[in-house]
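The structures come next, written out as structure tokens.
You will see subunit A twice below: alongside subunit B first, and alongside subunit C after that.
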Partner chain A sequence: MRAWGWIRAYAVAVYVFMFAPVAVVLLLAFNSSQFSGFPIEGFSLRWFRRLFENEAIMRAFETSFSLGLLTAACATTLGILASLALVRYRFRGKDWITALLISPVLVPETVLAVGLLIFLRWLSMPRSFLLLLLGHTMIALPFVVLVVQARLVGIRRDYEEAARSLGASPLETFWQITLPLLMPAVFAGALFAFTISFDNITATIFWRPAGTETVPTQIFGMLRNSVSPEINALGFVMIVVTVGVPLAAGALARYFARRRQ
Partner chain B sequence: MARVELKGVSKSFGPITAVRKADVVFEEGSFTTLLGPSGCGKTTILRMVAGLETPTGGDILVGGRRVNDVPIHKRNLGLVFQNYALFPHKTIAQNIAFGLKYRGVPKAEASDKVRQALEIVRLPGVEDRYPSQLSGGQQQRIALARAIVIEPDVLLLDEPLSALDANLREEMRVELKAIQHRIGVTSIFVTHDQSEALAMSDRIVVMSAGEVQQEGVPEEVYNTPANEFVARFLGAANLFDARVTGADAGSVELDTAAFGRLAVPRERALWLGDATAARLVVRAEKLALSAGDAVPAGTVGAPATVEAVDYQGQLARYFLRIGDSRLQAIQMIDGRPFPEGATVTVAVRPEDCTALPVERAAGTT
Partner chain C sequence: MAQAREIDPRPWYLLSPALLAIALLVVVPMSFILVYSFYENIDLGLDAPAFQFGNWRELLTDGYYHDAIWKTFRLSAIVTVLAAVLGYVPAYFIANTRFRHKWLLLLLLILPFWVSFIIRTLSWIHIMGNQGAINGLLLWLGVIDEPLPMMFNEFAVIVGFIHVFLPYMILNVYVSLEGIDRNLEPAARTLGCTPWQAFLEVTLPLSLPGLAAGCLLVFVLTAGSYVTPLILGGPDDFLFGNLIYDAVLSELNWPMGATLSFALLVLLGVVVVVYSRFMRLNQLSKAFG
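Entry: the complex of A and B
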């Protein structure tokens, strides 16, 4: 029994170590003092106001959001199509294509980033927002493929065959039957893709065109000068977006699932 | 409604032949069962008629039209699956109306048809529920309603009763046959369950190892099996080695170790030809057991020892031995069943026996 006490204490310590920094950022975001640090002098929302008045940061938010949404759209579309091909059809080189699709998860991001840059240099293409989108899609795609594939395997072909026998063409069958049944995975995959894109920094630093900042690269840039309290507020917003969006989405999905029962 | 015809249809999956040169006719409005153990090719035939598999040889004709290259969604077929395959995200009404949508049926008319279909399967008023809110038997009725509401040329049933529990299965069996009879749609039913096949079919096609073994009305297939496989697959059969000792216009005389000599009618020795060695098939329920040693007139009989009894309520299955031959008998229990170790007289009428040629290859058993 004593051993359990130690294990419990150890587990608590690990969690404190992991979450304390996050808690510090969340708390300090509301500190009224000029200087980041304890003790907290008073409650204030001024750093948030400063944040919203800062044009560079707002632009970075805009970039990050549109990049995240576009990445989610591209990665999900490609991921669904790839999963359909891999699960529903037999063709040569299937295992190789699966490995290739999943590989961005396994290759270190720096290597991936440099590789893509060299490739584009060889094609003599300049860095652009499109390239950034392409890169993020590549990084997010494996997650979508894995999630969608897992669900697709569980959708019996009977459903599709029944729809076809009733007169639906292959395309109508996809829209009417396969996609709706796949929706939870599509939704989860899109969320993954959005959050992966939204807080990616390593590859983004390599790929972003001059003058374009995403929220993480903006924070990184600001930190090089000083740790301003604004960054805590920005950190707060980042955490809310990357943690809050999936949680809210999950709750929403459960709500709709319950209503159908 | 249409006649379906398979002309030399084959299907191979790589090196494996699933169906070998099948020639089968499914008459218009008939209920035909493809019966056989799993892997015999019956489901492959159904899937080829449906358009879910493409034959590697031969032609499939529906209503006289070759459909080999017609995609499934243009074939106008009703398909019912073992696992119902109702769309879980659609209501019952949406499920049933699914096929009507692609046939340009107006909304109002469609909802009338849905209601009629639900009445046919005796489940009115469930339009707004979801499949998960219905029991297995109810779901299968909905699947049937969805398949027949489009007025298909052919109704294809892929082991539709196998997922139901025993009591429900027998109830649905009667009902399914009644519905088929009422709407008169040509139906192809796939099953591995011989009692379903015998109870429901106008015709039975017995299959094994990708080949059609026998085709005929249920009584024919049951009483005069074409080969050992069919004899063993349908019902409980005893097979004895026999020698052909004589023949005349009306019968063939056989000599068996268990029963001595007996004369099997010609029509029950059709497949025998002029072979000298034969296999005698005796159905377990055709064997009559009695105490004492009198053999009833018009039968051949022998004393046997009861080795084991399998008591089944109104019936008993006896495992018997006559000399070196072991055999099974199924009999209604009149009073008390014979105990283990008892000596009884086993008798059978020669006209209830069937003679088959001895098969060289044991591949089909």
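Entry: the complex of A and C
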């Protein structure tokens, strides 16, 4: 059993490797020093104040939020419709269709970005917010399809068939039976799409119109000079948004599910 | 005629929005990349439709590009191997632990996906930079007088890549380890294997599909990136993706950008095809289910 002790120590070390850098950012966000690194001189919220006074960053936040929400709405809608077809119907060429829907995952994002940009150039259309929305939707779609499909397979068709035999129309069946049962998957897919969009930088750098910044491209631009302490505070806020909110949502859902029982 | 009536249109109604999106946003643009790679670059941001192989000739003959391809493959291979070595053991631990809160370990694996990529990448400046945790600690202990230069080199780029892509590796290996029949290793033991032999002869081969899927993902993701070297690397640390970034966003040389993009697509496509000769691609989607 000595070997198992080593395996455990190794695993713990890898977990430390994965989380220590993030923990350091969270910690340094409260450092009162005017430099972004160590040593820590004292506790202060001044960098958060500076962050909220920084108009460029606040604008980037607004852009990222609306982009993320719209991407989640589009990708989830398209993803649910496609997953319904893939799971609930039998038709020829299903494997090919699935492969096609998943294909954006296998193409490097840089190539996807350049391709779409060149297509737009050929159409003589300038970069726009719409391009960002369409692009992010395309990048998020495969993940939504995978998540929703996995969930949909687990929902028994009996409920739908029962509703149909009791006289519900296909549309009614979808709204009253399938969608409520699918809600957890819808939320998971939407959350996934939001995070993918909110976090994307590789393609966004290519697609953003001049003067538009999302939070990641804003940070990327700020890094050119040096790591300013504001970036740590910004990192703190972003981690709270993308980790804290889903965790809280999950915990709340569990709490309510338990109370209902 | 009988066959035509059998085709049910409903799934196609449901699929059409998604298929239309993928066709317009992925398939058509990919063909445009190929067409554009034959165009001629005239001046900054100006190009003319043509059918000539100048861009491709430049790519195939200029040593600068060969260097970048070699660098990209080398770095991706290093990152992949290190991620496999670092990731296998924790995956084995999670799959076999009797720890009551195993879900917590799995949640911690998924958590990094939610933490911003750029924050995770730049956090290494706080660890290995001149004012970083390691140098701060060593200076405070008096081990060194001057900060050790650890940042903005290939090592920092490798660390940054591994940090970001390791969860993909661990998840893929974990999924295949979890699917192995738990009685097999004890069975091998009763037949006289040492624990190490049982692992090598039974568990490791059975977990290879997951390991291979993880390796493919990490390799392809690394080879397609350009942001990490820009943040953590020095001037000499560039990947093939950085050439695309430079061609399109700095030099506004669209035909060359298209040529480089298509070349990257083909090179990584070859990697995926070689992989799928040995492994099944659907292994990749298991980790998401």
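Keep in mind that, in the parts below, the second predicted complex is superposed on the first by the 257 of 261 C-alpha atoms of A that agree within 3 Å, B and C clash if a C-alpha of one lies under 4 Å from a C-alpha of the other, contacts with A are read in each partner's own complex, and residues count from 1 in each chain.
Note that contacts are C-beta pairs under 8 Å (C-beta built on N, C-alpha and C of every residue); 3 or more make two chains touch, one makes a residue touch a chain.
Since we're looking at a predicted model, the values are computed, not measured.
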Based on the superposed arrangement around subunit A, label subunit B with subunit C as either clash or fit. fit
Consider the C-alpha centres of subunit B and subunit C from the C-alpha centre of subunit A, and write down the angle between them to the nearest 10 degrees. 100
Return first, second, both or neither, reflecting whether A:73 touches subunit B, subunit C, both chains, or no partner chain. neither
Examine A:22 and indicate which partner it touches, taking first as subunit B and second as subunit C; both and neither are also allowed. second
Per the contact definition in the header, classify A:163: touching subunit B only (first), subunit C only (second), both, or neither. first
Of subunit B and subunit C, the partner touching more residues of subunit A is C
Classify the contacts of A:237 with the two partner chains as first (subunit B alone), second (subunit C alone), both, or neither. neither
Touching A:249 in the superposition: subunit B (first), subunit C (second), both, neither? neither
Check whether A:227 is in contact with subunit B, with subunit C, with both or with neither, and answer first, second, both or neither. second
Between subunit B (first) and subunit C (second), which, if any, makes contact with A:177: first, second, both or neither? first
Subunit B and subunit C, minimum CA distance [Å, superposed model]: 9
Which residues of subunit A are in contact with subunit B in one complex and with subunit C in the other? none
The residues of subunit A that touch subunit C in their complex are 3, 7-8, 10-11, 14-15, 17-22, 24-25, 28, 35-39, 77-79, 81-82, 84-86, 88-89, 91, 97, 100-112, 114-119, 121-122, 134-135, 137-138, 141, 143, 145-147, 150, 195, 198-199, 201-202, 205-206, 215-216, 219-220, 223, 227, 231-232, 235, 238-239, 242-243, 246
Residue positions on subunit B within touch of subunit A in the complex are 50-52, 71-79, 81, 83, 85-89, 98-99, 101-103, 130, 132, 143, 146-147, 150, 156
In the complex of these two chains, what residues of subunit A are touching subunit B? 156, 158-159, 161-170, 172, 176-177, 180-181, 260-261
Touching residues (chain side subunit C, partner subunit A) in the complex: 7-8, 10-12, 14-15, 17-19, 21-22, 25-30, 32-33, 36, 86-87, 89-90, 92-94, 97, 105, 108, 111-120, 122-127, 129-133, 135-136, 140, 163, 166-167, 170, 195-196, 220, 223-227, 230-231, 241, 244-245, 248-249, 254, 257-258, 261-262, 264-265, 268, 272, 284-285, 288-289
